[in-house]
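In what comes next, subunit A is part of two complexes: it sits with subunit B in the first one and with subunit C in the second one.
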Partner chain A sequence: MERRVGSPARYRFDDRFLFIIVPLFLLDAVLGGWAFHYRHFHPTGILVYVCAALQSMPIIAFIVVLGLYLAEETDEFMRALWVQSLLWGTGATLAVTTFCGAMEKYGQATHMGGGMIPFVFYIAMIASLAVNTWRNR
Partner chain B sequence: MKNRLRVLRAEREWSQADLAERLEVSRQSVNAIETGKFDPSLPLAFKLARLFGMTIEEIFSDEA
Partner chain C sequence: MFCGIKSPEQRRLTVRCWMSVPLVVLFSLGAAAGVVLGHWHGWAAYLVAVLPALPILWVIYEFGVYLAHEKDEFQRMLLAQCLLGGIGGTLATTTIWGFLEDFAHVPRLDLAWVYPIFWLFVLVSWPVVWRRYR
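The block that comes next holds the complex of A and B.
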(Lines of atoms letter the chains of each structure in order from A and count residues from 1; the text may use other names and numbers.)
(Lines give C-alpha, C1' and ligand atoms only; values in the text may rest on other atoms or scores of the structure.)
Protein backbone atom coordinates (compact mmCIF):
# COMPACT_ATOMS: atom_id res chain seq x y z
CA MET A 1 0.00 0.00 0.00
CA GLU A 2 1.36 3.42 -0.97
CA ARG A 3 2.26 5.51 2.06
CA ARG A 4 1.12 9.11 2.47
CA VAL A 5 4.14 11.24 3.27
CA GLY A 6 2.17 14.46 3.13
CA SER A 7 -1.32 15.51 2.18
CA PRO A 8 -2.08 17.03 -1.26
CA ALA A 9 -2.66 20.34 0.56
CA ARG A 10 0.80 20.11 2.10
CA TYR A 11 2.37 19.47 -1.32
CA ARG A 12 0.55 22.51 -2.69
CA PHE A 13 1.77 24.56 0.30
CA ASP A 14 5.36 23.44 -0.36
CA ASP A 15 5.07 24.37 -4.05
CA ARG A 16 3.57 27.76 -3.26
CA PHE A 17 6.25 28.38 -0.64
CA LEU A 18 9.01 27.50 -3.07
CA PHE A 19 7.68 29.38 -6.09
CA ILE A 20 6.02 32.39 -4.44
CA ILE A 21 7.42 33.04 -0.96
CA VAL A 22 11.09 32.24 -1.63
CA PRO A 23 11.33 34.54 -4.71
CA LEU A 24 9.63 37.32 -2.72
CA PHE A 25 12.17 36.83 0.08
CA LEU A 26 14.99 37.03 -2.44
CA LEU A 27 13.49 40.21 -3.85
CA ASP A 28 13.22 41.57 -0.30
CA ALA A 29 16.87 40.67 0.37
CA VAL A 30 17.97 42.35 -2.88
CA LEU A 31 15.96 45.46 -2.01
CA GLY A 32 17.36 45.48 1.52
CA GLY A 33 20.91 45.07 0.25
CA TRP A 34 20.39 47.76 -2.33
CA ALA A 35 18.98 50.18 0.28
CA PHE A 36 21.91 49.34 2.59
CA HIS A 37 24.42 49.95 -0.20
CA TYR A 38 22.87 53.29 -1.16
CA ARG A 39 22.36 54.58 2.37
CA HIS A 40 21.43 58.01 1.14
CA PHE A 41 18.69 56.67 -1.06
CA HIS A 42 15.48 58.41 -0.02
CA PRO A 43 12.68 57.57 -2.41
CA THR A 44 9.92 60.09 -2.84
CA GLY A 45 6.38 60.09 -4.15
CA ILE A 46 4.86 56.87 -5.39
CA LEU A 47 8.25 55.08 -5.19
CA VAL A 48 8.04 55.20 -1.38
CA TYR A 49 4.78 53.24 -1.45
CA VAL A 50 6.14 50.79 -4.03
CA CYS A 51 9.29 50.11 -1.94
CA ALA A 52 7.29 49.71 1.28
CA ALA A 53 4.73 47.44 -0.40
CA LEU A 54 7.45 45.26 -1.93
CA GLN A 55 9.04 44.75 1.47
CA SER A 56 5.73 43.71 3.02
CA MET A 57 4.90 41.29 0.19
CA PRO A 58 6.62 38.19 1.67
CA ILE A 59 4.61 38.34 4.89
CA ILE A 60 1.34 39.06 3.07
CA ALA A 61 2.01 36.22 0.63
CA PHE A 62 2.98 33.88 3.50
CA ILE A 63 -0.27 34.56 5.33
CA VAL A 64 -2.27 34.00 2.11
CA VAL A 65 -0.41 30.74 1.34
CA LEU A 66 -0.86 29.60 4.94
CA GLY A 67 -4.57 30.48 4.81
CA LEU A 68 -4.96 28.46 1.61
CA TYR A 69 -3.20 25.51 3.24
CA LEU A 70 -5.47 25.64 6.29
CA ALA A 71 -8.54 25.84 4.03
CA GLU A 72 -7.40 22.93 1.85
CA GLU A 73 -5.94 20.62 4.52
CA THR A 74 -8.39 17.77 5.19
CA ASP A 75 -6.27 16.23 7.96
CA GLU A 76 -7.76 17.97 10.97
CA PHE A 77 -4.92 17.00 13.34
CA MET A 78 -2.27 18.49 11.05
CA ARG A 79 -4.44 21.58 10.69
CA ALA A 80 -4.59 21.88 14.48
CA LEU A 81 -0.79 21.58 14.71
CA TRP A 82 -0.32 24.35 12.16
CA VAL A 83 -2.83 26.62 13.90
CA GLN A 84 -1.00 26.05 17.21
CA SER A 85 2.28 26.95 15.53
CA LEU A 86 0.69 30.04 13.98
CA LEU A 87 -0.40 31.13 17.47
CA TRP A 88 3.09 30.54 18.85
CA GLY A 89 4.56 32.57 15.99
CA THR A 90 2.13 35.42 16.58
CA GLY A 91 2.64 35.33 20.36
CA ALA A 92 6.42 35.28 20.08
CA THR A 93 6.36 38.18 17.61
CA LEU A 94 4.18 40.28 19.92
CA ALA A 95 6.32 39.43 22.96
CA VAL A 96 9.68 40.08 21.24
CA THR A 97 8.59 43.36 19.61
CA THR A 98 7.04 44.59 22.88
CA PHE A 99 10.23 43.67 24.78
CA CYS A 100 12.46 45.36 22.19
CA GLY A 101 10.19 48.42 22.14
CA ALA A 102 10.44 48.74 25.93
CA MET A 103 14.22 48.27 25.86
CA GLU A 104 14.46 50.98 23.20
CA LYS A 105 12.24 53.30 25.25
CA TYR A 106 14.54 52.87 28.26
CA GLY A 107 17.57 53.52 26.07
CA GLN A 108 18.99 50.02 26.48
CA ALA A 109 18.65 48.89 22.90
CA THR A 110 18.83 50.31 19.43
CA HIS A 111 15.79 50.45 17.21
CA MET A 112 14.79 47.10 15.75
CA GLY A 113 13.96 47.62 12.09
CA GLY A 114 10.50 46.63 10.93
CA GLY A 115 12.10 44.26 8.44
CA MET A 116 13.21 42.02 11.33
CA ILE A 117 9.68 41.44 12.64
CA PRO A 118 8.64 38.88 9.98
CA PHE A 119 11.77 36.87 10.72
CA VAL A 120 10.84 36.67 14.41
CA PHE A 121 7.45 35.34 13.31
CA TYR A 122 8.88 32.79 10.86
CA ILE A 123 11.52 31.52 13.29
CA ALA A 124 9.01 31.17 16.15
CA MET A 125 6.44 29.49 13.92
CA ILE A 126 8.91 27.07 12.33
CA ALA A 127 10.43 26.21 15.73
CA SER A 128 6.96 25.57 17.16
CA LEU A 129 5.98 23.44 14.18
CA ALA A 130 9.20 21.42 14.52
CA VAL A 131 8.60 20.84 18.25
CA ASN A 132 4.93 19.94 17.67
CA THR A 133 5.82 17.54 14.88
CA TRP A 134 8.55 15.94 17.00
CA ARG A 135 6.20 15.57 20.01
CA ASN A 136 3.62 13.86 17.79
CA ARG A 137 6.03 11.81 15.66
CA MET B 1 -11.95 10.53 25.66
CA LYS B 2 -10.88 6.90 25.70
CA ASN B 3 -10.87 4.76 22.60
CA ARG B 4 -10.19 1.17 21.49
CA LEU B 5 -8.44 2.14 18.31
CA ARG B 6 -5.10 0.52 19.14
CA VAL B 7 -6.78 -2.79 20.01
CA LEU B 8 -9.05 -2.77 16.96
CA ARG B 9 -6.10 -1.94 14.74
CA ALA B 10 -3.96 -4.69 16.30
CA GLU B 11 -6.77 -7.25 15.80
CA ARG B 12 -6.62 -6.53 12.08
CA GLU B 13 -2.81 -6.49 12.13
CA TRP B 14 -2.77 -3.00 10.69
CA SER B 15 0.04 -0.60 11.38
CA GLN B 16 -0.70 3.04 12.18
CA ALA B 17 0.35 3.84 8.62
CA ASP B 18 -2.11 1.26 7.22
CA LEU B 19 -4.97 2.78 9.21
CA ALA B 20 -3.90 6.30 8.24
CA GLU B 21 -3.95 5.29 4.58
CA ARG B 22 -7.47 3.90 4.91
CA LEU B 23 -8.66 7.03 6.72
CA GLU B 24 -6.79 9.36 4.34
CA VAL B 25 -5.06 11.12 7.22
CA SER B 26 -1.45 11.27 8.39
CA ARG B 27 0.09 8.56 10.59
CA GLN B 28 0.63 11.26 13.22
CA SER B 29 -3.14 11.81 13.34
CA VAL B 30 -3.76 8.12 14.04
CA ASN B 31 -1.10 8.15 16.75
CA ALA B 32 -2.55 11.29 18.34
CA ILE B 33 -6.05 9.79 18.40
CA GLU B 34 -4.82 6.46 19.80
CA THR B 35 -2.87 8.14 22.59
CA GLY B 36 -5.78 10.40 23.45
CA LYS B 37 -3.92 13.59 22.57
CA PHE B 38 -6.47 14.48 19.94
CA ASP B 39 -10.19 13.86 19.72
CA PRO B 40 -11.36 13.34 16.15
CA SER B 41 -14.18 15.35 14.62
CA LEU B 42 -17.57 13.71 14.13
CA PRO B 43 -16.96 13.04 10.39
CA LEU B 44 -13.65 11.30 11.17
CA ALA B 45 -15.25 9.35 14.03
CA PHE B 46 -17.97 8.16 11.62
CA LYS B 47 -15.29 7.21 9.09
CA LEU B 48 -13.53 5.14 11.77
CA ALA B 49 -16.79 3.51 12.79
CA ARG B 50 -17.61 2.58 9.19
CA LEU B 51 -14.09 1.24 8.65
CA PHE B 52 -14.32 -1.06 11.68
CA GLY B 53 -18.01 -1.88 11.11
CA MET B 54 -18.96 -0.60 14.56
CA THR B 55 -20.80 2.28 16.12
CA ILE B 56 -18.91 5.34 17.38
CA GLU B 57 -19.86 4.40 20.97
CA GLU B 58 -18.22 1.00 20.55
CA ILE B 59 -14.93 2.68 19.65
CA PHE B 60 -14.99 5.81 21.80
CA SER B 61 -16.13 6.20 25.38
CA ASP B 62 -16.41 9.17 27.67
CA GLU B 63 -13.80 9.05 30.45
CA ALA B 64 -16.23 10.46 33.03
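The block that comes next holds the complex of A and C.
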Protein backbone atom coordinates (compact mmCIF):
# COMPACT_ATOMS: atom_id res chain seq x y z
CA MET A 1 0.00 0.00 0.00
CA GLU A 2 1.33 3.42 -0.96
CA ARG A 3 2.14 5.62 2.00
CA ARG A 4 1.44 9.28 1.29
CA VAL A 5 3.62 11.66 3.27
CA GLY A 6 2.19 15.15 3.63
CA SER A 7 3.85 18.33 4.80
CA PRO A 8 4.22 19.15 8.54
CA ALA A 9 1.58 21.85 8.07
CA ARG A 10 -0.79 19.22 6.70
CA TYR A 11 -0.10 16.98 9.73
CA ARG A 12 -0.88 19.87 12.04
CA PHE A 13 -4.05 20.59 10.06
CA ASP A 14 -5.13 16.94 10.39
CA ASP A 15 -4.36 16.98 14.14
CA ARG A 16 -6.28 20.18 14.70
CA PHE A 17 -9.20 18.82 12.70
CA LEU A 18 -9.26 15.58 14.68
CA PHE A 19 -8.72 17.02 18.16
CA ILE A 20 -10.49 20.38 17.90
CA ILE A 21 -13.06 20.38 15.07
CA VAL A 22 -14.41 16.84 15.54
CA PRO A 23 -15.04 17.24 19.32
CA LEU A 24 -16.70 20.60 18.66
CA PHE A 25 -18.97 19.01 16.04
CA LEU A 26 -19.80 16.25 18.54
CA LEU A 27 -20.63 18.88 21.17
CA ASP A 28 -22.77 20.63 18.57
CA ALA A 29 -24.59 17.38 17.75
CA VAL A 30 -25.14 16.58 21.45
CA LEU A 31 -26.40 20.09 22.17
CA GLY A 32 -28.65 20.11 19.08
CA GLY A 33 -29.91 16.56 19.33
CA TRP A 34 -30.17 15.95 23.05
CA ALA A 35 -30.82 19.37 24.56
CA PHE A 36 -33.01 21.02 21.96
CA HIS A 37 -34.85 18.11 20.35
CA TYR A 38 -35.01 15.43 23.09
CA ARG A 39 -35.16 17.58 26.25
CA HIS A 40 -36.89 20.51 24.51
CA PHE A 41 -34.47 22.91 26.13
CA HIS A 42 -35.51 26.55 25.54
CA PRO A 43 -32.68 28.87 26.61
CA THR A 44 -33.46 32.44 27.59
CA GLY A 45 -31.48 35.59 28.29
CA ILE A 46 -27.71 35.38 28.12
CA LEU A 47 -27.90 31.58 27.73
CA VAL A 48 -29.30 32.11 24.21
CA TYR A 49 -26.11 33.85 23.15
CA VAL A 50 -23.94 31.23 24.88
CA CYS A 51 -25.79 28.41 23.03
CA ALA A 52 -25.57 30.27 19.68
CA ALA A 53 -21.84 30.83 20.24
CA LEU A 54 -21.32 27.16 21.24
CA GLN A 55 -23.13 25.87 18.16
CA SER A 56 -21.18 28.26 15.91
CA MET A 57 -17.83 27.16 17.35
CA PRO A 58 -17.09 24.27 14.92
CA ILE A 59 -17.61 26.49 11.86
CA ILE A 60 -15.52 29.34 13.27
CA ALA A 61 -12.83 26.93 14.50
CA PHE A 62 -12.66 25.33 11.03
CA ILE A 63 -12.12 28.75 9.44
CA VAL A 64 -9.30 29.46 11.93
CA VAL A 65 -7.73 26.02 11.35
CA LEU A 66 -7.85 26.56 7.57
CA GLY A 67 -6.26 30.00 7.98
CA LEU A 68 -3.48 28.53 10.14
CA TYR A 69 -2.86 25.79 7.57
CA LEU A 70 -2.57 28.32 4.75
CA ALA A 71 -0.18 30.42 6.83
CA GLU A 72 2.00 27.43 7.77
CA GLU A 73 1.99 25.53 4.45
CA THR A 74 5.33 26.03 2.71
CA ASP A 75 4.40 24.06 -0.44
CA GLU A 76 3.26 26.82 -2.82
CA PHE A 77 1.44 24.36 -5.04
CA MET A 78 -0.67 22.93 -2.22
CA ARG A 79 -1.44 26.41 -0.96
CA ALA A 80 -2.54 27.47 -4.45
CA LEU A 81 -4.81 24.41 -4.66
CA TRP A 82 -6.46 25.27 -1.33
CA VAL A 83 -6.79 28.97 -2.15
CA GLN A 84 -8.43 28.11 -5.49
CA SER A 85 -10.84 25.76 -3.73
CA LEU A 86 -11.67 28.37 -1.09
CA LEU A 87 -12.36 30.92 -3.82
CA TRP A 88 -14.63 28.50 -5.68
CA GLY A 89 -16.42 27.81 -2.40
CA THR A 90 -16.81 31.56 -1.86
CA GLY A 91 -18.12 32.07 -5.38
CA ALA A 92 -20.62 29.24 -5.11
CA THR A 93 -21.83 30.46 -1.68
CA LEU A 94 -22.34 34.03 -2.86
CA ALA A 95 -24.13 32.88 -6.01
CA VAL A 96 -26.41 30.42 -4.16
CA THR A 97 -27.29 32.91 -1.39
CA THR A 98 -28.01 35.70 -3.89
CA PHE A 99 -30.22 33.36 -5.92
CA CYS A 100 -32.06 32.04 -2.83
CA GLY A 101 -32.42 35.60 -1.48
CA ALA A 102 -34.03 36.69 -4.73
CA MET A 103 -36.33 33.64 -4.73
CA GLU A 104 -37.38 34.39 -1.12
CA LYS A 105 -38.04 38.01 -1.99
CA TYR A 106 -40.34 36.98 -4.82
CA GLY A 107 -42.10 34.56 -2.49
CA GLN A 108 -41.04 31.50 -4.48
CA ALA A 109 -38.90 29.78 -1.84
CA THR A 110 -38.83 29.27 1.91
CA HIS A 111 -36.22 30.99 4.07
CA MET A 112 -32.79 29.39 4.10
CA GLY A 113 -31.38 29.81 7.62
CA GLY A 114 -28.01 31.47 8.13
CA GLY A 115 -26.74 28.19 9.60
CA MET A 116 -27.02 26.55 6.15
CA ILE A 117 -24.63 28.98 4.46
CA PRO A 118 -21.39 27.43 5.85
CA PHE A 119 -22.55 24.02 4.63
CA VAL A 120 -23.07 25.38 1.11
CA PHE A 121 -19.56 26.82 1.33
CA TYR A 122 -17.91 23.63 2.60
CA ILE A 123 -19.67 21.38 0.08
CA ALA A 124 -18.61 23.66 -2.80
CA MET A 125 -15.08 23.94 -1.39
CA ILE A 126 -14.64 20.17 -0.96
CA ALA A 127 -16.04 19.52 -4.46
CA SER A 128 -13.67 22.10 -5.90
CA LEU A 129 -10.71 20.66 -3.97
CA ALA A 130 -11.50 17.20 -5.34
CA VAL A 131 -11.72 18.54 -8.92
CA ASN A 132 -8.51 20.58 -8.54
CA THR A 133 -6.63 17.63 -7.09
CA TRP A 134 -7.90 15.38 -9.89
CA ARG A 135 -6.91 17.94 -12.54
CA ASN A 136 -3.38 18.16 -11.11
CA ARG A 137 -2.91 14.49 -10.33
CA MET B 1 -9.97 57.53 -13.47
CA PHE B 2 -8.18 54.19 -13.72
CA CYS B 3 -4.92 55.58 -15.16
CA GLY B 4 -3.26 55.51 -11.72
CA ILE B 5 -3.44 51.70 -11.65
CA LYS B 6 -0.16 50.43 -13.07
CA SER B 7 -0.86 46.74 -13.48
CA PRO B 8 -3.00 46.00 -16.57
CA GLU B 9 -4.58 43.06 -14.74
CA GLN B 10 -5.62 45.28 -11.83
CA ARG B 11 -6.99 47.89 -14.23
CA ARG B 12 -8.99 45.24 -16.07
CA LEU B 13 -10.41 43.90 -12.79
CA THR B 14 -11.30 47.38 -11.51
CA VAL B 15 -13.06 48.36 -14.74
CA ARG B 16 -15.06 45.11 -14.84
CA CYS B 17 -16.06 45.40 -11.18
CA TRP B 18 -17.37 48.90 -11.79
CA MET B 19 -19.17 47.69 -14.92
CA SER B 20 -20.95 45.05 -12.87
CA VAL B 21 -22.50 47.61 -10.47
CA PRO B 22 -25.06 49.11 -12.90
CA LEU B 23 -25.74 45.59 -14.21
CA VAL B 24 -26.68 44.36 -10.70
CA VAL B 25 -29.01 47.33 -10.24
CA LEU B 26 -30.50 46.92 -13.73
CA PHE B 27 -31.02 43.15 -13.45
CA SER B 28 -32.45 43.43 -9.91
CA LEU B 29 -34.93 46.07 -11.03
CA GLY B 30 -35.77 44.03 -14.13
CA ALA B 31 -36.30 40.86 -12.10
CA ALA B 32 -38.43 42.67 -9.50
CA ALA B 33 -40.52 44.30 -12.21
CA GLY B 34 -40.93 40.97 -13.98
CA VAL B 35 -42.14 39.17 -10.86
CA VAL B 36 -44.32 42.00 -9.51
CA LEU B 37 -45.90 43.09 -12.80
CA GLY B 38 -45.81 39.80 -14.64
CA HIS B 39 -46.84 37.65 -11.64
CA TRP B 40 -44.41 34.95 -12.77
CA HIS B 41 -43.95 31.86 -10.67
CA GLY B 42 -42.50 28.39 -11.06
CA TRP B 43 -39.67 28.01 -13.58
CA ALA B 44 -40.09 31.55 -14.94
CA ALA B 45 -39.55 32.96 -11.43
CA TYR B 46 -36.45 30.79 -10.99
CA LEU B 47 -35.00 32.08 -14.25
CA VAL B 48 -35.75 35.68 -13.26
CA ALA B 49 -34.19 35.16 -9.81
CA VAL B 50 -30.95 34.06 -11.49
CA LEU B 51 -30.65 37.45 -13.25
CA PRO B 52 -29.34 39.52 -10.28
CA ALA B 53 -26.87 36.73 -9.48
CA LEU B 54 -25.29 36.86 -12.97
CA PRO B 55 -23.21 40.06 -12.52
CA ILE B 56 -22.13 38.74 -9.11
CA LEU B 57 -20.95 35.52 -10.72
CA TRP B 58 -19.16 37.60 -13.34
CA VAL B 59 -17.28 39.57 -10.64
CA ILE B 60 -16.26 36.35 -8.90
CA TYR B 61 -15.09 34.94 -12.26
CA GLU B 62 -13.08 38.12 -12.91
CA PHE B 63 -11.41 37.78 -9.51
CA GLY B 64 -10.48 34.20 -10.43
CA VAL B 65 -9.08 35.40 -13.78
CA TYR B 66 -7.12 38.14 -12.00
CA LEU B 67 -5.64 35.70 -9.51
CA ALA B 68 -4.66 33.38 -12.36
CA HIS B 69 -3.06 36.11 -14.49
CA GLU B 70 -1.53 38.53 -11.99
CA LYS B 71 2.24 38.12 -12.29
CA ASP B 72 3.05 39.85 -9.01
CA GLU B 73 2.98 36.99 -6.49
CA PHE B 74 2.84 39.38 -3.55
CA GLN B 75 -0.20 41.26 -4.84
CA ARG B 76 -1.89 37.94 -5.57
CA MET B 77 -1.24 36.69 -2.06
CA LEU B 78 -2.53 39.94 -0.51
CA LEU B 79 -5.79 39.70 -2.44
CA ALA B 80 -6.21 35.99 -1.66
CA GLN B 81 -5.74 36.70 2.07
CA CYS B 82 -8.31 39.53 1.93
CA LEU B 83 -10.81 37.29 0.15
CA LEU B 84 -10.24 34.58 2.76
CA GLY B 85 -10.77 37.15 5.50
CA GLY B 86 -13.99 38.09 3.74
CA ILE B 87 -15.37 34.57 3.55
CA GLY B 88 -14.25 33.79 7.12
CA GLY B 89 -16.06 36.84 8.46
CA THR B 90 -19.14 36.08 6.36
CA LEU B 91 -19.36 32.47 7.52
CA ALA B 92 -18.87 33.45 11.17
CA THR B 93 -21.54 36.17 10.95
CA THR B 94 -24.12 34.06 9.11
CA THR B 95 -23.57 31.05 11.40
CA ILE B 96 -24.02 33.09 14.58
CA TRP B 97 -27.02 34.87 13.06
CA GLY B 98 -28.54 31.55 11.99
CA PHE B 99 -28.39 30.17 15.53
CA LEU B 100 -29.67 33.45 16.98
CA GLU B 101 -32.62 33.12 14.58
CA ASP B 102 -33.33 29.70 16.09
CA PHE B 103 -32.77 30.55 19.76
CA ALA B 104 -33.35 34.27 20.20
CA HIS B 105 -35.83 34.77 17.35
CA VAL B 106 -33.85 37.69 15.96
CA PRO B 107 -35.10 39.01 12.58
CA ARG B 108 -34.33 36.76 9.62
CA LEU B 109 -31.21 37.58 7.69
CA ASP B 110 -32.11 38.52 4.13
CA LEU B 111 -29.78 36.36 2.01
CA ALA B 112 -29.27 39.21 -0.43
CA TRP B 113 -27.14 40.75 2.35
CA VAL B 114 -24.57 37.94 2.29
CA TYR B 115 -22.81 39.42 -0.75
CA PRO B 116 -22.43 42.94 0.77
CA ILE B 117 -21.37 41.38 4.10
CA PHE B 118 -18.63 39.46 2.24
CA TRP B 119 -17.26 42.62 0.62
CA LEU B 120 -17.49 44.51 3.90
CA PHE B 121 -15.24 41.90 5.54
CA VAL B 122 -12.88 41.99 2.53
CA LEU B 123 -12.61 45.76 3.01
CA VAL B 124 -11.98 45.32 6.74
CA SER B 125 -9.32 42.66 6.02
CA TRP B 126 -7.50 44.84 3.49
CA PRO B 127 -5.82 47.34 5.91
CA VAL B 128 -5.08 44.52 8.37
CA VAL B 129 -3.30 42.41 5.70
CA TRP B 130 -1.63 45.50 4.23
CA ARG B 131 -0.30 46.63 7.62
CA ARG B 132 1.29 43.21 8.24
CA TYR B 133 3.50 43.67 5.14
CA ARG B 134 4.21 47.39 5.48
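Convention: the second predicted complex is superposed on the first by the 125 of 137 C-alpha atoms of A that agree within 3 Å, B and C clash if a C-alpha of one lies under 4 Å from a C-alpha of the other, contacts with A are read in each partner's own complex, and residues count from 1 in each chain.
Definition applied: contacts are C-beta pairs under 8 Å (C-beta built on N, C-alpha and C of every residue); 3 or more make two chains touch, one makes a residue touch a chain.
Because the structure is predicted, anything quoted here is derived from the model rather than measured.
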Of subunit B and subunit C, the chain that contacts the larger number of subunit A residues: C
Touched partner set for A:A53, first subunit B, second subunit C, both or neither: second
Set intersection of subunit A contacts, subunit C complex versus subunit B complex: none
Subunit A-facing residues of subunit C, complex: 28, 31-32, 35, 41-42, 45-46, 48-53, 56-57, 60-61, 63-64, 67, 80, 83-84, 86-88, 90-104, 108-115, 118
Residue ranges of subunit A touching subunit B (in the complex, touch as defined): 1-4, 6-7, 74-78, 80-81, 133, 136-137
Subunit B residues touching subunit A - in the complex, by the definition given at the top: 17-18, 20-21, 24-29, 31-33, 37-38, 40-41, 44
Subunit C contact footprint on subunit A (complex, rising order): 43, 48-49, 51-53, 55-56, 59-60, 63-64, 66-67, 70, 83-84, 86-91, 93-95, 97-106, 108, 111-118, 121
